[in-house]
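One chain, chain A, links the two complexes that follow: it is found with chain B in the first and with chain C in the second.
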Partner chain A sequence: MSNYQLGLIINSCISVITVTGVFAVTGLAGMFSLGQAGYLAISSYVTFILARTFGLPILVTAFIGVGLSALSAYVISVPTLKLRKDYFALITMGFGQMVTAMIVLLEKYTNGSIGYSKIPKVKSLFIIVIVITVLVVFCIRNLKYSRFGRMCIALKSDEIAAKSFGIDVYKLKLRMYVLASAIAGGAGILYGLKNRVILPDSFGWNLSAEMQIFLFFGGTNSITGAVLSGFFLKLMPELFRTVKLFGQSLQEYRTIIYCVLILLVINFRPNGMMGEHELSFAWVRSVFAKKKEHMKKGTSR
Partner chain B sequence: MREPILKASDLSMSFGGVKAVDKFCMDLYPGEIRGIIGPNGAGKTTIFNLFSRIYQQDSGSIEFAGIVVDVKNQIEVAQMGLARTFQNIRLFSGLSVLDNVKVSLDFSGKYNLFEAMFLLPRRFKQEKETKERAYDCLCSLRLDQYASLKPSNLPYGLQRRVEIARALVSKPKVLLLDEPAAGLNPEEVFELIDFINELHAQNPQIAILVIEHRMDLIMNLCQYLYVQNFGNTIAEGIPTDIQQDKAVLSAYLGEEEA
Partner chain C sequence: MIFQLLINGISLGAVYALIAVGFAVVFSVLKFSNFAHGGMISACAYMGFFFQRAYVPAPPIFVTILVTGVFGMFLALFLDLVAYRNIRKHKSPGIYYFLSSLTISIIIEQVLNIRFSKNPYAYPNIFESTFFMVGDLRVSTMDTMIMAVSLLILVALVLLIHKTKMGLAIRAVAINADTSRLMGINSGVVVVMIFLIAGFLAGVSGVMLGAKYSVYPDLGQTMMVKGFIASVIGGLGSLGGAIVAAIMLGVLEMFWTYFFGAFSAPVMLFVIMLLFLIIRPQGISGKFAKEKV
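So, the complex of A and B:
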């Protein structure tokens, strides 16, 4: 594969990581966060600036970066999680905007809106990204089928009923939000390593919105849907880069295409493309078993 | 002398100018089934919401398992062993029947977030245990055949039973049933009476408090009744006495007082 194709896959994998993180917070716990891009920004700026200034290895500063974005998620969520859902969405969105504004203001360290480009080159980034993606998806999948996943889905369905079964709603939401932000932080570092330059604009609210769109497209209740749509919706505009419409590359119409897709999904499949289906071995087996049954009865489709 | 497991003394609560509950007193002993009856708007559900701490009372106090719970919240009393059902069934729509039952055991789970994500052995052990307990509970209430279905695909009567199973699986000290017969047809009501009697025979230590305005259900089930009207307790006693009570008859049938 050419470097360009590898780059596309890396981009899509980073998108899968962030969407999986958003799945944990929005799909499982039902919190609509519009500020996830802020955590990508915090951790990637902190990681690379520390690595550059103090000459520390990236691996060390990456932990500090992810830790800091988890910490800021904690600080943000302690007062805001008690608010109603819509206010929570607004505040997270404001937080995301605040982070990019801060980056521009702290020009001395971040190089402002010109972008920070002193990012070291990492060998075999492709393999690292693939491994981290698989690990994150694996972890969140396990989380969904654990007691935490059940409690999250319960609190999303009915908060008062969840409380009356002893579920500490506030603590659970806090944990999920911090976890999702740490995942977003990790994705931010990979993003920096891939592009070798980070701009405040690349972590604006449209990145946060994009993640939510991907999640809703795939289906908020299905991690399979989140992963697939995170991967392919990110890849799709790149594939149409050469297609021209009204003298411009089709990629420029990305936002319009996403919006149309979302409208179609909301209209025809309100639960997203995958609904509540998950790709599992049991499911594959049951499909094959059904086919066999049909064959035996002579009614194969 | 036995100690009451749930005790309300002079419980009052008003919404604006309306006194929903006025100086309500009640004792509930372990192993008993008691009922609160009364017409619509008599403050029955408010009493339940006070017990499960969804509302905070204006005055009076509640004692649960020997502890005053006036300053406790909904989550704490639930963890102390107070389980309830809701008048308009509130099963978790995103979970299967089995998961709905499992989830009420989950707050006491032993494994942490990290173990959950990386599939460590403690998770397997606990998940197996939780599944067994939930499945046993469903089996004992003859609901096991519906375990993998979504609650919204079940008929109303079965949804009620699943809700009761969900409340029961954590072996609570007190079970509050809020209008279990609402929306059921007469046949389903009889099935429900058998169902509750059966589960009480299986778990004789649980104290059950039922809200209802269907007389047939309450008379067949409860050992002791409180009759509420406009927030006040107008009568209390054993069911046969209540049926003869003048004040109750006038509240229910609108009879002129003789």
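So, the complex of A and C:
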């Protein structure tokens, strides 16, 4: 594959990671976060600036970056999670705006709106990204089927009922949010490594909204849907790059197309494309089981 | 100087109040935060700009405000049809309202972006002189006009909500939609009314923001967050609280910008909102919309 194609796949994988993180918050715990891009920004800026100024390897500073974005998620969510869901969406949105404003303000370190480009090159990024993507998706899938995930689904469908069954709603939400922010932080570092330059604008409000759109398109109850839509919706505008509409490349219309898609989904298929369905290998097992039964019957005759 | 900042702050706050009330009205009845408001403000600002430019000599600003207000009403009704009607019909969870309004907001911004590019457009001069003297104070004409129009509209709105039959219906539906339907209130009409009010407010604030600053696609988005913060500080869904909070916020922002510069203002607003939510989550008005079973 050419470098360009590899780059596209890396981009899509990063999108899958972020959407999986959002799935943990919105799909499992039912919180609507609009500031995930802020965590991408925090961790990638912290990682690369520390790596540059102190000469530390990226692997070390990446942990600091991810840890810091998880910490800021904790600080934000402690006062707000006790309130209505609306406040939470709002605060996260304000947080995202605050992060980009801070990046511009701390121009001395971040190079402001020109962008920070002193990012080291990493060999075999493609394999690293693929491995991390698979790992994250696998972990979140397991989380969904664990006791923890079932608690989250109970919380999402009815918070008060979940509370009355003895689930510590507040703690659960806090944990899910911090987890998702850590995942977003990881995606931010990969994003920086791929593009080799990070701008405050690239972590704006649109990115956070894009993640939510991907998630809802795939269906909030299905991690398969989230992964598939995260991958293909990110890839789609690149595939139609040469198509022209009203004299402009279709890429200009990318966001509009996403939005129209999501409006159609909301109006006509409220559960998303995948609904509750999950891709699983249970049917393979059942087919084999039937065959075995058949063979047993055959031999017994 | 302090007096001048105060006047500028109040005028800025009055526009924030228009936005915050636009939110609060929709929130109080439908119980969701209408992110599409920002997009509507942008669209109306462009509409007002082109209306103002289309005629020579330019029509008086009040005509533009009125026309744009009506345009905003139609826009709001159209958005209701496209984005919210089906959600209401399916009785989907509130998170879908969020997403839908968010999407609408982004669509409007992007369409404006592609059609008119990101370049700001400046309204033509509306007044002959940009300021007038009161004693030895220089008072900006634009700010005074904005303050007067906003306060007028806010007063009219409060009267509409508290003195008319329609206002009573709106307040009843805000408390409990199902019960008020049992009492013979046509809640469908109330919802349409709500969107008309929100659209009108978006139109008016769009024109005034466009005239004060300039017209660009994310105009509404930036202003919306501030209106939003004001409506949170005031207590979501409360009109009086939102107005008071918005004016306070406008004055505070003016002073902050004067003493510390404009770049750190968003950080300051965010910290204030966070502090407010920790100390007094029910907002100034003290009416806390709790989620019930």
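Rule of thumb we're sticking to: the second predicted complex is superposed on the first by the 282 of 301 C-alpha atoms of A that agree within 3 Å, B and C clash if a C-alpha of one lies under 4 Å from a C-alpha of the other, contacts with A are read in each partner's own complex, and residues count from 1 in each chain.
Operating definition for what follows: a contact is a pair of C-beta atoms (placed from the backbone, for glycine too) under 8 Å apart; a residue touches a chain by one contact, two chains touch by 3 or more.
Predicted model, so just to flag it, every value in this text is computed and none were measured.
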Chain A as common anchor, with chain B and chain C clashing or fitting: fit
Which of chain B and chain C A:R150 touches, first, second, both or neither: first
First, second, both or neither for A:I140, with chain B first and chain C second: first
Chain A as apex of chain B and chain C, Cα-centre angle in degrees (nearest 10): 80
Chain B versus chain C as contact partner of A:V131, first or second or both or neither: neither
Chain B versus chain C as contact partner of A:R175, first or second or both or neither: first
First (chain B), second (chain C), both or neither touched by A:I160: both
Chain B versus chain C as contact partner of A:V287, first or second or both or neither: neither
Touched partner set for A:F95, first chain B, second chain C, both or neither: second
A:R84 touches, of chain B and chain C: first, second, both or neither? second
CA minimum distance (chain B, chain C), superposed complexes, angstrom: 9
Doubly contacted chain A residues - partners chain C and chain B: 160-161
Touching residues on chain B, where the partner in the complex is chain A: 52, 54, 73-75, 78-79, 83-84, 86, 90-95, 99-100, 102-104, 106-109, 111, 113, 116-119, 123, 126-127, 130, 166, 170
Interface residues, chain C side, partner chain A - complex: 27, 32-33, 82-83, 86-87, 90, 92, 94-96, 98-100, 102-104, 106-107, 110-111, 114, 221, 225, 228-229, 232, 236, 263-264, 266-267, 269-270, 273-274, 277-278, 281, 289-291, 293
Residues of chain A touching chain B in the complex: 139-140, 142-143, 146-151, 153-154, 156-158, 160-169, 175, 179, 221, 276
Residues of chain A touching chain C in the complex: 26, 30, 32, 34, 76, 79-80, 82-87, 89-91, 93-95, 97-98, 101-102, 104-105, 159-161, 205-206, 209, 212-213, 216, 220, 248, 252-253, 255-256, 259-260, 262-263, 266-268, 270
